[in-house]
Amino acid sequence: MTDASQNAGPMLAADGTPLKQSLARSLRRQKLRALMLVAPLLLFVMFSFIVPIASMLFRSVENSMVSDTLPLTVEALQSWDSQSGELPDEAVYDAFVRDMVVAIDNKEHTRLGSRLNYEETGMSSLFRKSGRKLKKLDPETDGPFKEQLIEIHEGWGKPNTWAVIKTHSPAVTNGYFLNAVDMRRTPEGAQSQPEDKQILIKLFGRTLFMSLVITGACILLAYPVSYLLATLPMRVSNLLMILVLLPFWTSLLVRTSAWKVMLQQQGVINETLVWLGLVADDARLVIINNQIGTITAMTHILLPFMILPMYSVMQTIPPTYTRAAKSMGATNWTTFWRIYFPQSIPGIGAGSILVFILSIGYYITPEIVGGTKGVFISNRIAYHISSSLNWGLAAALGTILLGVVMLLYWVYDKIVGIDNVKLG
Amino acid sequence: MKPTKTLLTAAALATAAGAVSAEEMTIVSWGGAYSKSQLKAYHEPYSEKSGITILNDDSSAEAVAKLRAMNEAGNITWDVVDVVAADAIRLCDEGLAMEIDPDTMLAPAPDGTSAADDFGDLLVSDCFIPQIVYSTTFGYRTDLVGDTPPSDVCAVFDLETYPGKRSLEKRAINNMEWALICDGVAKDDVYDVLATPEGQDQALAKLGTIKDNVVWWSAGADTPQLLADGEIIMGSTYNGRLFSVIEEQKQPVAMLWDAQIFDLDGWIIPAGLSEERQQRALDYIMFATDTQRLADQAKYISYGPARASSAPLVGQHADLGIDMAPHMPTDPENAKNTFLYNYEFWADYRDDIEAKFQAWLAQ
Amino acid sequence: MAALTPISRKPMSMVLPSVALAGAFAGIFVGAGNGSILLGILAGAVLIAGLAWVYINVLKNEKLARWINILGFGIIGFLMSGPMGGVLGLLGGWFFIFFIYWLYEGRYRRKLLSYLTPKQVFYHYLFRVICGAIFVFLITPILVVLPLSFNAQDFFTFTPEMLRLDPEGFSLKHYRDFFTNNEWQRSFKNSLIIAPIATIISVSLGTLAAIGLSQSHVPGRRAIMGILISPMIVPLIISATGMFFFYSDIGRFLEGTLGMNKNFVGYVKVVLAHAVLGIPFVIITVTATLVGFDRSLTRAAANMGAGPVRTFFKIQMPLILPGVISGGLFAFITSFDEVVVVLFVGSASQKTLPWQMFTGLREQISPTILAVATILVVLSIALLTTVELLRRRSERLRGLSPA
């Protein structure tokens, strides 16, 4: 063989081209075909999902509002040293009044006040109150303004007010990310939030902890059931499968309200326990509006997502292996632990990652059964999006959450491989 | 192959749907019995008169966030929006709502009084067209309070006499006022105290005494459901919801008319609508806020009409046949100890206090 | 497993203590309800063991014993605490008589391998009981909440009338509401339009992409996979707001530049958004099926002259169909049960069923959502049962015994 190839030069394919070249071409064609198959979906997802999400997340650093609304003031503040402890000079006040008159006309000053209020409580009322009086000033004739402004609201006589404006004037900011980890942007650099505003790190921790508990509970409950389903004869297991699929098919909202009916103080569980006399009427279990409520309801809601992948993996484990182990004298426990369990790990992995990722981003169920103690970081994101309208902070929180999930995804891919995820 | 086919099917379906109702407008409201009262009193007669199909979107609770997003995206899908006065002020301040001239855009009263006079003080913002007056107050379970039913609002803070859970709205507004009133602050001074950081801390401290016994609600349906379940002993909600629980659903519930917070609800038209849609919205508003229409709404729900000229026309409940006037928050008997909501204060301080309150809640 | 293990009667020394234990356990609850747990345990143990002894040694007639026991327990339960107690009594009576004879006749060994030790038998049944409890956990909330759809009141509460099984407390008005109320009908119709179309888009694109991804030598495979799975990973509320802005632009373009109907554009937006959300499920299930796919089959087909398209539809498709179907089901459910994104992306004319349910929960108290849920549950049970029956039938026709 070696002789022949040496003698005849490069090996040739049927059409006379060198084999190497021909193979390379066919490989290229294969690659191209594979890419062609993936391309439509990839483009679709990139275009209609990745781009919108990226632009949403970009809001976490975007901060053009201050410099857009108060362009002259921001420029005038450049020369002022915010740490001097002194008030800026008349030029700044003059620029500010000019900016404000325009902003009030465009109805932008209250939004700016809300924006700055995220950083320093009190800014919103300062802008709104002053806005009504500033409206009447004419920047050309009514100056100088320093005294007048301080007269209008004492807030303008505090260096801190101007420092806040200056600190948050750059068009790109890390302020929202600092806020997201209970810090804040100050003239002296990043600092911790005051004690009473430090809640987000705790919420992140709670979200991770509760998601882990939920995932753990799902593993514990799903394993025996999946094992049973995988070992029973098909006709029985398919019927039992209905019991798993039924909750899965039932609307999430219905299941959540079902848990509300179950868990309330006057709910089904408590009523039954009281009726049976296991619990005194005045000592009913508190199992809703706290972490227990969230964990119970979410374990139930996410359990099918654990059972289905586990079941499909366990179905492929040949029963002959365990029988072989037993025939060679292994005890029940050894057979399970050394033979069966290792083969079922991909199912556990797939289910866990699915349940964990889904639970970390949930917010409707915790909102309804979680009270104030059992809510997740997603509830905070939802609050900032629909109530406080602090979209920058919501985006920053979302970015961090996404980062955590991506990290997990990467770790999972390294350990188990994403191909091994099976869903029924 | 498949997607194109389905898209074509979808196109066929959608155009078919579109062809039936060429002219339609989306009206946003609160849902439930309230939307139903609007449907009966405004939408149905208006559709009959104009031939316009009205689509309901029950998203008023998120109106500010959504309008802001729509405005930013330049894609406003709403034509008329029902909001509380505080939200209307905010939307107006931010240029998200259109300014209304009451004299040209609203119908005068039958006796010729101009709309501006007919609505009077209730026109709290340039963009706001008042529709109803309502109160936020407390309902309690008559079977759980024992022999001494509560008679004043401070029962909420009295865990000794009325042990059990109570429900409060998951926001600062109203709760802070009640907390201060029950902490010994005179009614007239409440907003002065609340303007100071110390006053805010005082209110939060008072709320802190019952924090462990509070179920926080965020949707209007929550308190009535909790009351019906016996899950709470008392809870705050809108007086119309309580009316429905007591009179329509016959639950063992009674309500307090003490320090109830008197507030307004009404329409705004989003800014930035096309000329044609704006005309349609104004035409609807002109129709739906005239004297008779406002009085008609009171047949279905116990909220008072916002026009002075509508008050004498308030009749009986459409189904139950009981007189509605005694159930209105405007009835003199009920309004003896009303607490007036200060719009300007909350417009100014809402962001400040709300941020503080939410942080306190999450602690 | 199929082989019957010969069974034999068990000695009383094993039956009596076991049933006494079960009786004692039940006695805990009855005792607690009536004052003394300890007394309940004792009474339960003695009562059940005594009954077992009487039935087996004196009565010696299983059928008669069964009726006596069931009715007896039912009547006692009724006398002690009304209709609910009666129902519980009947169930308890049925269980105990079954349990006594199950043990006594040795029926519990009938379906087990004959060489199992008693300990293994015990663990076998313990395991079954644990699994049973988990199934109960899965299904109870749904079974509990469905009867509330017949509530005569507008609350999610079991009224005293309902607990007394008084017909006064029940009504079909929420079902009437669902079938006559425009809002519910419209949203149901919208869901039936949006979910299937979104599913078809995500299944067709997703299957193609999964096939592409499963081939060897795909450059940047991991990254592509990550991107395609991302809709499942990003928290929904972030996706919803992000998509809102994006789809508003798309909508403006379609309406303004292409002059499309506003309603139609609305549907396109929601369908596309839901299609994106369904894609990860399709990708995951189909790739998983393809992992075990024998590539030589396609090569054989190509060898015999079939083109790629023909190979796909005749060889590959039938084999990966289960994966495609289950992916499709996930995608369908994702769209059919999705509320956060549609609240942002859709407008009132695209209101879907979950959206309507969401307002039904938030702004108005309406057990109509339970009526809808009941209807859907009954439909899906019917569907699942039909599928299972068809499967059995085709197995029978093909002459296969059930695996």
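For reference, chains read A, B and C in written order, and residue numbers begin at 1 within each chain.
Keep in mind that, in the parts below, a contact is a pair of C-beta atoms (placed from the backbone, for glycine too) under 8 Å apart; a residue touches a chain by one contact, two chains touch by 3 or more.
Model, not experiment: these values are computed from the prediction.
When chain centres are set by their Cα atoms, the one at the greatest distance from subunit C is B. Two chain pairs are in question, B-C and A-C; the one with more C-beta pairs in contact is A-C. The distance from the centre of subunit A to the centre of subunit B, with each centre set as the mean of the Cα atoms, comes to 32 Å. In terms of their C-alpha centroids, the spacing between subunit B and subunit C amounts to 39 Å. Centroid to centroid, with C-alpha atoms defining each point, subunit A and subunit C lie 28 Å apart. For subunit A, residues touching at least two other chains, in rising order: 266, 385.
Residues of subunit B found to touch two or more other chains are 66, 229. Annotation for subunit C: residues touching 2 or more other chains are 156-157, 205, 241, 245, 361.
Contacts from subunit C toward subunit A in the complex involve residues 1, 29, 31-35, 37, 81, 120, 123, 127-128, 130-131, 134-135, 137-142, 144-145, 148, 156-158, 205-206, 208-209, 211-213, 215-219, 222, 224-239, 241-243, 245-247, 272-273, 275-276, 279, 281, 284-285, 287-288, 291, 326-327, 330, 333, 337, 339-340, 353-354, 357-358, 361, 369-370, 372-373, 376-377, 380-381, 384-385, 388, 391-392, 402-403.
Across the complex, subunit B is touched by residues 106-108, 110-111, 113-114, 117-118, 121-125, 128-129, 196-197, 199, 203, 264-267, 289, 367, 371-372, 380, 383, 385-389 of subunit A.
Of all residues in subunit B, only 2-3, 6-7, 9-11, 13-15, 17-18, 24, 26, 30-33, 35, 55-59, 61, 66, 69-70, 72-75, 77, 219-221, 224-225, 228-229, 249 touch subunit C in the complex they form. Residue ranges on subunit B touching subunit A, taken from their complex, read 62, 64-66, 68, 90, 93-95, 165, 171, 215-216, 218, 229-231, 347-352, 354-356, 358-363.
For subunit C in complex with subunit B, the touching residues are 153-157, 183, 193, 197, 200-201, 204-205, 241, 244-245, 248-249, 251-252, 261-264, 267-268, 271, 343-344, 347-349, 351, 359, 361-366.
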